[in-house]
Amino acid sequence: MPVRSSKFSLSAKGFTDVVDITSKVAEIVSSGTMDDGIATVFVPGSTAGVTTIEFESGAVRDLRDAVDRLFPRDIRYDHNERWGDGNGFSHVRAAVLGPSLTIPFSGKALLLGTWQQIVLVDFDNRPRRREVIVQVVG
Amino acid sequence: MPVRSSKFSLSAKGFTDVVDITSKVAEIVSSGTMDDGIATVFVPGSTAGVTTIEFESGAVRDLRDAVDRLFPRDIRYDHNERWGDGNGFSHVRAAVLGPSLTIPFSGKALLLGTWQQIVLVDFDNRPRRREVIVQVVG
Amino acid sequence: MPVRSSKFSLSAKGFTDVVDITSKVAEIVSSGTMDDGIATVFVPGSTAGVTTIEFESGAVRDLRDAVDRLFPRDIRYDHNERWGDGNGFSHVRAAVLGPSLTIPFSGKALLLGTWQQIVLVDFDNRPRRREVIVQVVG
């Protein structure tokens, strides 16, 4: 069966913490037996997402600012009224960004752009461990 | 060929109706012959999307409110001027959320978080039937 | 190995240029040997994204307007302060839309809706060539 399931964990700080996970994903792909295929990067949980960005502090800050501007922390969230955990903004942000990203690879190398990194974006309102699943199909 | 194509349909009300489809997708994966792989959940059509959220009424309401705030119904949409069907806001919302979600599974179980549900989000401006495609590769 | 890697290139104008790539992707799928599977459409680079939309000039304009409204060009971007290339807005927009889309196919035909087209959205601030990768697994 041409599927390999891997995972790793990391510490994230929440509040749109952007964590570069490119090398972790690339290592999983390069150490496997499949030359060509796709890698699905998935974060379990409903307060984080996965995407790509040029991972330099300016663009990361700009993403954080845009998220804060469009999905403010300090407006009323029904989730907070019901559950009291104060992370209603986190849930909305994560649902819009999405928890999954599928990246093609060839010759055991991810077909990313030179300035394109895979990132986990942690939207929660507290630091926590995150598990990331990488499902390689090829 | 390690691919199985399934589909199901559901009734959606439009106007950012968020429908929990987790059990439908999970049943397709658990009833198949593949132990490990990925399931791509896809909604045909240009006025709906797929993502994950903690499916409780507060977070669902918060997502709906955020979408209404960021992509208002009552501003000018060029699509409406041309076609008169009044769902210009639906098209923009669906394009941003995206129609596709790929979820890893292992041991015939989706690798979702405990509080993470798969949802179809119907952005149209009227009730309608929706077909959802689940393509399982493993 | 049931994987086929293809790519094509196109000219894009930037500034939320929306380019219909449906026929290119459909041709790759229909000319292959796999009947059923998934096609992952991926754009390398950190200033473009992939999604679906009803490709008519009204909806395309509406998407462009929404992007300009939500992620303005003329506010401060930290990326611009650091690198001087003036495309901070492009990076944020691309990170939110995402670079990847996975579409199921059956009988060598993409399972898209009738009015649903696959589009590359170029967010950069200048015209450029874009490469699009289509990884077919089935």
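Chains: A, B and C, in written order; residue numbering restarts at 1 for each.
Simple rule for what comes next: a residue touches a chain if its C-beta (ideal position, glycine included) is under 8 Å from a C-beta of that chain, and two chains touch if they have at least 3 such contacts.
Source: prediction; values computed, not measured.
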Numbering shared by both copies at the subunit C-subunit B contact, with half separating same from different: different
C-alpha-based rotation, subunit A on subunit B, 0 to 180 degrees, nearest 5: 120
Intercentroid distance (Cα basis), subunit C paired with subunit B, Å: 19
Residue numbers of subunit A (touch at least two other chains): 2, 70, 96, 98, 102, 137
Subunit C residues within the subunit B interface of the complex: 2, 34-38, 51-54, 56-59, 61-63, 65-66, 70, 96-98, 101-104, 106, 111-113, 115-117, 137-138
List of subunit A residues in touch with subunit B within their complex: 1-3, 5, 40, 42, 44-46, 70-71, 77-83, 88, 91-92, 94-96, 98-100, 102, 133, 135, 137
